[in-house]
Amino acid sequence: MSTVVEEEEKETGRVEAFSDGVFAIAITLLVLEIPVTHPDTVPHGKHLADVVLQQGPNFAAYLVSFVTILVMWLNHHSIFQMVRRIDRLFLVLNGFLLLLVTFINYPTALVANFIATDDERFAAAFYAGTFVIIAVIYNLLWWRAAGGMRLIGKRVPAEQVARMTRQYQFGPILYLLTFALAFVNAWASLALNGALALYFAFTGQIERTA
Amino acid sequence: MSTVVEEEEKETGRVEAFSDGVFAIAITLLVLEIPVTHPDTVPHGKHLADVVLQQGPNFAAYLVSFVTILVMWLNHHSIFQMVRRIDRLFLVLNGFLLLLVTFINYPTALVANFIATDDERFAAAFYAGTFVIIAVIYNLLWWRAAGGMRLIGKRVPAEQVARMTRQYQFGPILYLLTFALAFVNAWASLALNGALALYFAFTGQIERTA
Amino acid sequence: MSTVVEEEEKETGRVEAFSDGVFAIAITLLVLEIPVTHPDTVPHGKHLADVVLQQGPNFAAYLVSFVTILVMWLNHHSIFQMVRRIDRLFLVLNGFLLLLVTFINYPTALVANFIATDDERFAAAFYAGTFVIIAVIYNLLWWRAAGGMRLIGKRVPAEQVARMTRQYQFGPILYLLTFALAFVNAWASLALNGALALYFAFTGQIERTA
Amino acid sequence: MSTVVEEEEKETGRVEAFSDGVFAIAITLLVLEIPVTHPDTVPHGKHLADVVLQQGPNFAAYLVSFVTILVMWLNHHSIFQMVRRIDRLFLVLNGFLLLLVTFINYPTALVANFIATDDERFAAAFYAGTFVIIAVIYNLLWWRAAGGMRLIGKRVPAEQVARMTRQYQFGPILYLLTFALAFVNAWASLALNGALALYFAFTGQIERTA
């Protein structure tokens, strides 16, 4: 009996470690998308300080994406603290989640580059849209684990699972809102994305398999 | 007796962790090869949406390579769950495997850039050819571990090893097919690569050292 | 009782592993900001050796940032050896710390590019300013953990915690000095940053939860 | 007594994991230095296959650096299997080792870009010179650990330590040879670097703390 439990934990452990690695790398690569000014590209009569100030959208997008990925990692952490077994579909869903987490780099750079142009709404919608899909996949992943307590550890209380299920349902709705907002105002959509990430960072529960 | 087993597990553990790191980084770097449009490079009269749509091949190649590396990681995982000892040749073969896994970035970018040009068949063949070599190295790695049960844990049933050996033999053959197909039609070869990765992702067994 | 302790260690362990991953990636990405010369960009009549020598500021900034991040990692390590529990605010502060650690890449490239130009003081101040903020966040993180021994392990002696608190207070002051110095002389500020990092690397204590 | 041993292993473990991360990232980033051709940069009348073939030096440098870093990781692994304690100087030396391991990316790109130009000998010497310094630091690191059995585990036989000491002395001499050879013939120096790495990969011992 005890051996089976250890076996399960080990199995989860390596998927967790691999996912952690992907999260850590994705969050660190974000900085590479902030273009570094060279002396040759500073316009005549301008100072470096002006150029750096003009990169405001890059810093804003960097900040929002960083905090969002950090919150996703915390969520991923919470899920895996309750999950003790894995199955094929759970692994595949986790894989698609990682696919989109690594992809965030691209819409982040897009929104940073196009926020003050005619194309800013498309860029902001593309950015928010990525988060909508991620929120949906998080729900699918959680549904696969928690449906009928399929992959959940035996000592995890049912009410804790139910609370998590309720929390997760808001994700897609809130991100659909930022998606819709992008077509009205790109800045407002980006700001709402940031506010959501900060809100989740400060209020999200640290789940424990007490 | 018990000490020897622990010693073996520790030895495998660090190679596994290092390999996991390389897989995680290689899979995350893929996104850097999708070029991010700048406002200056959007052609006059075109919108960002048009440019992003034209990047279809980049997204397709990204998706196929991501899922392929993910499946490779799952396979690597399966091998190391049965392996308990390591020897020098096994380490060297694992090293060459990692070499090619990190290399995938390059043919992925090549096929994304050249798929709609005169050179598309060369690019697709180069891409599929990389996977042929990887599939061959996987077989060598597995043969080194499983031949005469050389590095396999004592509690792993022989039939499980035999099933794995049979499965692995199909890899090089299937990828040779995508390689040959590249000379006929680059898109078809890329699509078959993607189909294979998805098929393996959904059907591959999660081996356990039960 | 024993179960609770294990639970706590596991919790800390994953935040630690994720942070380590971010530190390791941030420190390794630094090299990508040293531009690699191509034969086409070597000025006529010059040799590669001349161009590489002219990249002195890039190497210097690389060295200073590398040693600084390494020292930060050692500090992070020391904190987590005393911390046994985590709470939400501690996690958020740790997240902001990682945000700034990954960001170091950008001011490093800035200072390397602009050190011999009219903008060198702004670049050096931006660089040193990043370290001021990081030093402040380290103090906040430590205050959150050590205030009232909130998250500290029960077996950690109070004097060890007090010594750490005293040491950490110097960080923001010393980096404010390098920040102020940047407005006088960019090179001197960079050199002081390097000297501080080397000093901390050689003298910092290896804290143990003896 | 038993507690002390556990404490020591934990201490070594985190430095080991951090170093492993840096090795894994450095080895994976190498591929980013192979420039990916775009349809616009293929010269008129030429095919992609020609361009890829002309990138031979990039592939060769990639291969040599990859195998060299892999061998360094194996050596690092061997050292840490015998080391049970760490001290400040050991940590600093390990830090400088990691600094140079992450740096390898730069001379690799340099040698790939300049191998068929007038500057090829400088590039090859810079490349080999980096390995000379790394080999010296490996000796310092090992001397710090093994001198008077300072940081070595109690169960490691003295003859195993002595054998390692003898092996390590050859490193700097052999790499000084590739350094000197670079001034005569860049290709020969690169080839010798590759041969050394392959030789070490196939013959190096897998040290165990039996």
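Just so it is clear, A, B, C and D label the chains in written order, and each chain counts residues from 1 on its own.
Criterion: a residue touches a chain if its C-beta (ideal position, glycine included) is under 8 Å from a C-beta of that chain, and two chains touch if they have at least 3 such contacts.
Just so you know, these numbers come straight off a predicted model, no measurement behind them.
Engineer: Interface check for copies subunit C and subunit D. Shared numbers divided by all numbers used: above half gives same, below half gives different; which is it?
Structural biologist: Counting which numbers both chains contribute, under half are shared, so the two copies meet through different residues.
Engineer: By how many degrees does subunit A turn when fitted onto subunit C using C-alpha atoms, rounded in steps of 5?
Structural biologist: Value: 90 degrees, nearest 5.
Engineer: Please identify which chain has its centre, taken as the mean of its CA atoms, farthest from the centre of subunit C.
Structural biologist: Most distant chain from subunit C: B.
Engineer: Distance between subunit A and subunit B based on Cα centroids, please, to the nearest Å.
Structural biologist: 25
Engineer: Show the residues in subunit A shared as contacts by 2 or more other chains, in ascending order.
Structural biologist: 17, 21, 25, 29, 32
Engineer: Among all the chains shown, which pairs meet the touch rule set out at the top?
Structural biologist: A-B, A-C, B-D, C-D
Engineer: If you look only at subunit A, which of its residues touch subunit C in the complex?
Structural biologist: Touch residues, subunit A against subunit C: 16-17, 20-21, 23-25, 27-32, 34, 36-39, 42, 47-49, 52, 62-63, 66-67, 70, 73-74, 77, 201-204, 206, 208-210.
Engineer: Quick one: which bits of subunit D touch subunit C in the complex? Just the residue numbers, please.
Structural biologist: Per the touch definition, subunit D meets subunit C at residues 7, 11, 14, 17-18, 21-22, 25-26, 29, 32-33, 86-88, 91-92, 95, 98-99, 102-103, 105-106, 109-110, 113-114, 117-119, 122-123, 126.
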